[in-house]
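What follows is a set of structures to go through.
Two complexes come next, and they have one chain in common, chain A, joined by chain B in the first and chain C in the second.
Then we have the complex of A and B:
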């Protein structure tokens, strides 16, 4: 499976390429009042209005992110942009590299690649948006 | 050059001349007055027997007769020479009978134990002249006998004591004059050496001062160049920033290409390879750029150090300049003093 490896602060994440549309430079975000905490606002990318999701807030990561790139993803329902500090690489991983962890009532998947451990953002997390 | 001759003469006493240590005019005056006062003849000669003063109160007997013929003149020279030699040997006034029968004396003039001249004098008798012997002499030297005898009878008769005293006076005065003259000569030499030395020091100081100015100018040029290097380094860094951002763009392009390749499925496999190559290329570019950044940072550091050293050199040069100024002032004072000394030494 091919995944896109990216960073939020010093945390590594990966998302299957099947969900990824493109990588874009950041643009001006228009805030939406009374929206959920993890919705940072709306952005205009090539004529399309797309909601921006702050993954850090969604995953309850208490980290400061720098917002260097947008990753355009499509979860079958709609296109959304997620904020990333850095987009690292496209890597190929085996199923056996994925580990599932359950903590409290949350389910995590971790991917081991070389000496990197990244949280896998799968359909499950995307459904939460 | 007079200065060099003075140096040579004082260093080599054998080359010292009477006229170097005694003012001949003063000596002449003294000689004339003394001769008249004591009523005896006197003349001063150098070590070769050549007269340095005009003869004082010579008798008619000597000038008009004895010296008038070649034989007579040669005999006189011989007689004087012998008298001088004997006086030199003893270092004391020597009283003797000249070839013609008159009483003469020779007083040596000595400086530092070396004879530089002789005062000759006398031409008197201690007793009435023996006519016979004078007639004999007249025949030998080929002068008129009668006139010769007439002349000798005009010669003054004095005592031995008188002659001794007169010789002694001449001896003391001449030697004192020459001693003082010699000291003054040495002083002249030393002070003119001093003047020359200080002039050289002054010249060297000027050279030093001007070279200090050159150093300062070079420093300023150096500083300008260092600032130049800093500016160029800053420009290089700007360019590197551009390169880095291009590398970032390229990487993003590569990633987007990979994404498109994935979406294209099998058809996109070849393109996926190209995308990977692009990403590798951008990574290499970035790494190279980072290396250059490190190098320019090293250059900046090195240049900064150079700047610090050059600043410290500037400080040293300024201190040096101040020291040179102080020294120059001191040397000028010394030079003024030495010139005064030189003027004193050359006074008559």
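Then we have the complex of A and C:
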């Protein structure tokens, strides 16, 4: 499976390439009052109004993000833009590279690739948006 | 597939058509920019070219609107067929406004919604139901009016403790509480069905009563994108757009005095006392700047005063529906892209008049 590797602060994340539509430079975000905490706002990308998601807030991570890139994804319900500090690479992973972790009340998957360990953003996380 | 005036079917690719329609929306935004630029140009030749551009875009817009839309006639045909199949149904139906138009991807949801509403009218033993559809600048309106026999008026007595109920804005708890006070509590599932069907298409459903009988249902379904004139205002560091159709006047805050009553604030406006609505509080915004003006809003013969920090220009905007991620925020009607490329939020004025706002 091909995944897009990206950074949020000092942590690595990856998302299956099947969800990724494009990578864009960041643009002016319009805040949306009363929206859920992980919705950073709305942005105009090539004439489309796209909600911007702060993945750090969605995953309850205490991270300071620099917002250098938008990763445009489609979670089968809508197009959304994920804020990323940096987009690193597209890598090819196997099932054996994915480790399921259960900790406290949360369940997530980690991907091991060379010297990197990245959290896998799956359909489950995307459906929370 | 499209049907031309010679009844020839033309096959087109939906994705390409959607792309074309998006480009048209950008042309409309450019048309607004051209109109502003034209005001500063004196040379006749340039003005002529700009005028032609504006006219061409307006014509293309009109043609494309026809492609994007279907007529109520299509819905009425299917509804008539289904109603005549039920031989136990003795209600007489009258269909009006066959050429009223709606976005062509809404035919099935509108049919579903109408069937859900008619089911309630059928339960109330109506003899005659009239369905009328018409278009305004931003929505298709469908009004369903019934006549009730004298015997059934007794059945429906005390249904409403108010004359006007916005079904869409009732929470499930409020809906249950309202129905429990009426003789319609058995129809809870039907009303919830209507609420859910209406949410799928951003429709607003209002119920009107007359002499305590259930008389009229008004369904308002917004177009997927519509052009409307809007007033730009600022609250804190956030700019919003308010459709001008709901604005009665903008008044300087220093020219009106606040009247306090029952723990709420009002102002005297013309010969009326109207309540102040703090939308920044409704939206959990922290606004430190002083208010400078009241935007006096009018909806359904009611008025409210909205205090704002700044007033800017009025301009035509293309209102697009809310993305799903923020669809639950009832105070917002939709979004628009400004001529500087930024996104602004369009206020849903009718929602400000609901509940205890």
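Note that the second predicted complex is superposed on the first by the 129 of 129 C-alpha atoms of A that agree within 3 Å, B and C clash if a C-alpha of one lies under 4 Å from a C-alpha of the other, contacts with A are read in each partner's own complex, and residues count from 1 in each chain.
One rule holds for everything that comes next: contacts are C-beta pairs under 8 Å (C-beta built on N, C-alpha and C of every residue); 3 or more make two chains touch, one makes a residue touch a chain.
Remember, predicted model here, so these are calculated numbers, not experimental data.
Overlay on chain A: chain B and chain C fit together in the combined arrangement.
With both structures placed on the common chain, the touch criterion links A:42 to chain C but leaves chain B unconnected. In the superposition on chain A, contact of A:2 is made with chain B only, not with chain C.
Once the two complexes are laid over each other on the shared chain, residue contacts for A:28 go to chain C alone; chain B is not touched. A count of residues in chain A touched by chain B and by chain C gives the higher number to C. The superposed model places chain B and chain C at 120 degrees from each other around the C-alpha centre of chain A, with the value given to the nearest 10.
Of the two partner chains placed by superposition, only chain B is touched by A:87; chain C is not.
For the overlaid pair of complexes, the smallest distance between C-alpha atoms of chain B and those of chain C rounds to 16 Å. Those residues of chain A that touch chain B in the shared complex are 2, 4, 17-18, 20-23, 25, 69, 87, 89-90.
Residue ranges of chain B in contact with chain A, taken from their complex: 251-252, 255-256, 258-259, 262-263, 275-276, 279.
For chain C in complex with chain A, the residues that touch the partner chain are 22-23, 25-26, 238, 282-285, 320, 323-326, 329, 331-332, 335, 337, 341-345. Within the complex formed with chain C, the residues of chain A that make contact are 27-28, 30-36, 39, 42-44, 47-51, 53, 77-78, 80, 129.
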